[in-house]
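Look for chain A in each of the two complexes below; its partner is chain B in the first and chain C in the second.
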Partner chain A sequence: MSALLRRSETVIFLVLVAAIVVIGLIRPEAWELANLFSLLRANVITGIMALGVLTVMISGGFDVSFPYFAMAAMYITLLGMLATGYSGVVLPFIVATLIGLLLGVLNGFLVYYLRMIPLIATLGSGAMVRGFLLGAIGTANINIDRMPPALIKFASLHLVKLTEPDGTTIELSAMVLIYLALALVVHLVLNHTMIGRGVFAVGGDREAARRAGFDVRRITYFIYCLAGALAGFAGLLYVSMSWLANPRDLAGSELDVIAAVVLGGASIFGGRGSVLGTMLGVFMLVLVNNSLIILHVSTTWQRVAVGAIIIVATGVTAWRDRKRAAYRKQTA
Partner chain B sequence: MQQSFDLRRFVNRDANLFQLFVVTALIFVLMTALNPDKFLRIYNFESMSFIAPELGLLSIAMMLSMLTGGIDLSLVGIANLSGILAGLFFHAMGGEHGPGLANLPLGWVAVGVAITIGTGLLAGAVNGLLITKLHITPMLATIGSAQIYVGLSLVLTGGPAVVGFPGWWDAIGNARVLGIALPLVLFLVLAGLVALVLTRTPLGIDLFLIGSGSKAARFAGIRMDRAVFASYVAGGVLASIAGILLSGRVNAAKADYGTTYVLEAILISVLGGTNPSGGKATVLGVAVALLGLMMLSSGFQLLRFSNFLVDFIWGAFLLIVIAINAIRSRTR
Partner chain C sequence: MRRPPRFSNGSYRMPPPLIELRHVSKHFAGVKALDDVSLSIAPGEIHCLAGENGSGKSTIIKVISGVYQPDGGEILIDGASVHALTPISAIAHGVQVIFQDFSLFGNLTVAENLALSTELRERRNVVSWRHVRAVAEEAVSRLGVHLDLDADLDRLPTSGRQLVAIARALMSDARLLIMDEPTTALTSKEVEALFTLVRDIQSRGISIVFVSHKMREMLEISERITVLRNGRVVGGGPTREWNETSITRAMTGHDLSREPYRWTKPAGEVTPRLEIKDLGVPGLYSGANLTVYPGEIVGLSGLLGAGRTEFALTLFGMQPSYHGSIRIDGKEVRLASVQDAIAQGIVYVPEDRLGEGLFLNQTINRNLLASSYGDLARYGFIDFTQARARATAMIEGMQIVTPTGERPVIELSGGNQQRVVIGRWLMNDARILVLNGPTVGVDVGSKAGIHHKIHDLAVTHGIAVLMISDDVPELVGNCSRIVLMHRGRFTEDLSTSEVTEAMVADKLKALV
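This part shows the complex of A and B:
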């Protein structure tokens, strides 16, 4: 029992349940099915990108470039679809994922080959990709009248559809399944494959991992490519779900995603983190932003709330780490 | 021992500075060649002398945080928040617009300056406490605090800019002293002051020692926390002065002014010879890098490059500079 309580996932889960109960007591409409469904739907994009950031952070790296990769992948794919009149769904998502993956190679190169500090490398690559996208490719929105209908139809798929007494319908988006499937895949890769073990090993002690025979180069490229690929996929899914493609969108969302991953118990120094914790962190972040609206707090407070979450989560993690280090010193 | 250490550092520094001067001179020649009749106009350099100082102050603040191996991502947030607070104070004293605001007496403007610098002091102290007392990694601490500073700016203004500042305030950003832009004079004075503190006081020497090897500094009995704390407070104050220059120059303050300044300040700081892992930095290097990059961006703007493409070039420049440094230090 005490082992279960010490796990950060358990702590976040308990905080999450407490938050839901408290918010529901103040505003009963928060517990309505329609709101719960929209909460789950709101997890999808942040969640998919968070899976990539989680992997990067477990390996001791950092990434702030992925929202810009996501927008570049999405916009180039859409322009290609519009130019060719292609109306499928699967191929565009593959293309967007591949564009994200290729951009991820750039990050891997900067971090592994040039040994750049990941934050600075990804700040630079993100700025470059964003500048190139908006300066050389285009800034015009693709509105619903030009959005490929196949993408919109795909993103509107739902699992459950209920009709309220007053005639309004509520739906649970099927995109939640895609998020869960990707989360499962990342979980399996991290915990049950050699390369996943390598990601943890590099994050724990890079030099030790190298001497133990892990291919640090392959692992570094793998994690930044994975983060880029997930971002590219999430970018196209995002505009399919919102019916509007604005290449300026998602700028700044890297902070939300990082906040969620840190809240989920991942350590910035690497070696620690879990998919379940990250998913709970994402849910917590979405819940906080959503609850501010339900509690009639001005949305301008959202940024303050996200900032407070980052500081509290990192403060607690740092405090826990120091306590563990002190404990180890005592017993050693 | 002490002697030889200093000597080597000096030679190293000079090699870097020499390279930097050459790059800056090359940019000057290239831009003059590309814009034969426009670049060399006095007007072009005059407008640079009003715009560059705010970015210069942010770059020096960034350099101070990097000197101990940290980073301060909240600087632009501090600059905007302090400008907004001063603007709201002036609106409360002299009305939202009209002669009452424009002719606000010098005394009230001085109080506004005090509010601004007080904000920078407080915000820098919060950063310092998060880093030294709660032991949060500088990157995450300042990402979190930046959200809070930007968020507070949004809460205070609701989003739109605070437009209209007193005449005396605008003078700080637009006046001349003996024909030289006042912002430039302020920048030179403050840069000189920081250089003096870094090279001639115990605090400055402590900061260099902390950056070049935390363990050695700890054994030498340096009160590390106090020095690191002081460096983030100084960064906050410099950022708030940049906020005065920015809001004075454009006669307005807004939560999202100068968002690209974060990247540009990192770029200038690194290009100026600052080692992002700590221990190496010079104010002169930052000043020369600032000059070079201002010429680069004004030259491209004269060539009618879009601002987005200039952002792309800044990002690419950052990566190339670090790459060259990495390759050079490997072959040495």
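This part shows the complex of A and C:
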């Protein structure tokens, strides 16, 4: 029992339950099925991108470029679809994922070969990709009338459809399943493959990982490519779900995603983090944003909330790590 | 079991050395790190590499483990010449190195730390946690130790992490275990346990190369010694033919005086420099009484975690919640902050001088002057001419070896860095010097130099010195009294004129 309580996932889960209860007491409509379904739907995009950021962060790296990779992958893929009149679903998602992955190679190169600090490297690569996208490829929105119908149809798939007494329908998006499936894959990779353990090892002690025989170069490329690929996929899914493709969109969302991952117990210094914790962190962040809307708090205050979450969550993690260090010193 | 090859006449011949270096040399940017080094390690022997910092010990380790390729000479393994030894082929030959930092992962469990190398060697792609567990259990049972396999490694004390590193190394069918300064961070009890373990590993036919600069340990554990100086082998042979004096002479090239420092209380009434009555910090230690006279050196020892560092930090104003009385030169003082302590002329040289005491990337001058810029300022501007003059005088006084005070401290050797820390505090008229582990990780030549400097300070400046140390010869050779601390209390106060090193060592080992 105490082992369960010591896990950071348990703590986040309990905080999450408490938050849901409190918000529901203030605004009972928060507990309505329609709101819960929309909450789950809102988890998908942030969640998928968070899986990539989690992997990067466990390895001791950092990534702020992924929203821009997501938009570039999405926009290039859509323009391609419009130009060719292609009306499938699977191929575009593969293309968007590959574009994200290729951009991830750039991050891997900057971090591994040029030994750049990941924050600076990805700040630069993100800005470059965004500038290139807007400058060389286009700035025009792709509205609902030009969006490929196949994508919209795919993103509208639902698991449950209920009709309320007043005639409105509520749906649970099937995209939640895609998120869960990707989360399961990332969980399995991190915890049950050697490359996944290598990510943890590099995050624990890079030099020791090299000496133990891990291929640190391969691992570095792997994590940044994974983050890029997940971002590319999430980018296309995002516009499919929102029916509007704006290449300037998602700018600044890196803060939300990083906040969610840190809130989920991942250490900003690397070595620690879990998929389950990250999913709970994402849910928590979405819930906070959603509740502020329900509570009629202006959206600008959401930024204050997200900023505060990053500071508090990072502070708590740092405090935990300090306590661990103190414990070791005491017993040494 | 491998049988030694038999001659046609039926007699067994001596097995060839496990590893032999013949006339090996290695240059770095024109500097000879190894110069015509020949040495051999027999199967199943414990071989000590002795030498001061920079003598070539670590270069030899890196050559044997394939990290460096020598520029000249030959490496033989099992009597056969090996070309281009790489880290991977060295491991394949059974060479395992336990680095000073252990190269483990604090964020992973003990079990995974034990199993990772095995899994990587087996070229697994998928992790079976049952297999991890099995490998880890085998590793600890091979070593015959008990470890909590599910604990995160960073929850283990240093000695526990060392056990994990050893157990992991033995999992790869090691034939030669190289241990780089394995006793540096261990208490004397833990060193004892390590030696028992090392002998047990030896009894399985595994050779051990033990790198150390602690004479006592070398003489106790090894069967053969090779002494290095400036990249050359300057002596070697069976350990029984060596003693502390002869090793020191070989390592440093000259005799070091081992004249103990003996302070005698002058006749008549003398005011103690430091008088502590019933000092305590709730939860850390209590009931501490101590008197130190000008010019006296008092030792403080005991297990790590006994409260000795906390006691020292109280004197440096870092435990403001203390109770009890502190008198300096007969005057009651209250040390509520580091500023208070400095104002009273108390100097604290921390254990981790690199982490706590120095700005490594800054120049020696700046480090020396770091706490005296206040005195040097005139109308808010620093008098740099005077500052440089003071720093230069201190470099000379402390005998810091450097071409100029404008070099960064990080370029200095450990012993010289230690002198910079002490020198800085002497700039502002110290009355009491608290040294925590003053010569941890310092080689024997610099160690004697630091001791000599401390004696000099005590005599000429009448400074009272409190020396916290685990190094018994250091305590007995310098202090007039040795106070032992155990679980937050002063348990013994030994006069060094009445005890021997062996007696102090036994008392330390008896602490649990």
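One rule holds for everything that comes next: the second predicted complex is superposed on the first by the 332 of 332 C-alpha atoms of A that agree within 3 Å, B and C clash if a C-alpha of one lies under 4 Å from a C-alpha of the other, contacts with A are read in each partner's own complex, and residues count from 1 in each chain.
To be clear about the criterion, a contact is a pair of C-beta atoms (placed from the backbone, for glycine too) under 8 Å apart; a residue touches a chain by one contact, two chains touch by 3 or more.
Note that the coordinates shown come from a computational prediction; the quantities given were computed from them, not determined experimentally.
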Which of chain B and chain C A:Leu159 touches, first, second, both or neither: neither
First (chain B), second (chain C), both or neither touched by A:Trp319: first
Partner chain in contact with A:Leu295 - chain B first, chain C second, else both or neither: neither
First, second, both or neither for A:Ala127, with chain B first and chain C second: first
Touch count on chain A, higher of chain B and chain C: B
Partner chain(s) touched by A:Ala136 [first = chain B, second = chain C, both, neither]: first
Touching partner for A:Leu244 - first (chain B), second (chain C), both, neither: neither
Partner chain(s) touched by A:Ala18 [first = chain B, second = chain C, both, neither]: neither
Partner chain in contact with A:Asn191 - chain B first, chain C second, else both or neither: second
Interfacial residue positions of chain B with respect to chain A in the complex: 71, 130, 134-137, 139-141, 143-152, 154-155, 158-159, 260, 262-263, 266-267, 270, 276-277, 305-316, 318-319, 322-323, 326-327
Residues of chain A touching chain C in the complex: 191-197, 200-201, 203-205, 207-209, 211-214, 267, 270-272, 324-325, 327-328, 330-332
Chain A residues within the chain B interface of the complex: 62, 110, 114-117, 119-121, 123-136, 139, 255, 258-259, 262, 268-269, 298, 300-311, 314-315, 318-319, 322
List of chain C residues in touch with chain A within their complex: 87-88, 99, 101-108, 112, 116-117, 119-121, 124-127, 129, 154-158, 185, 304-305
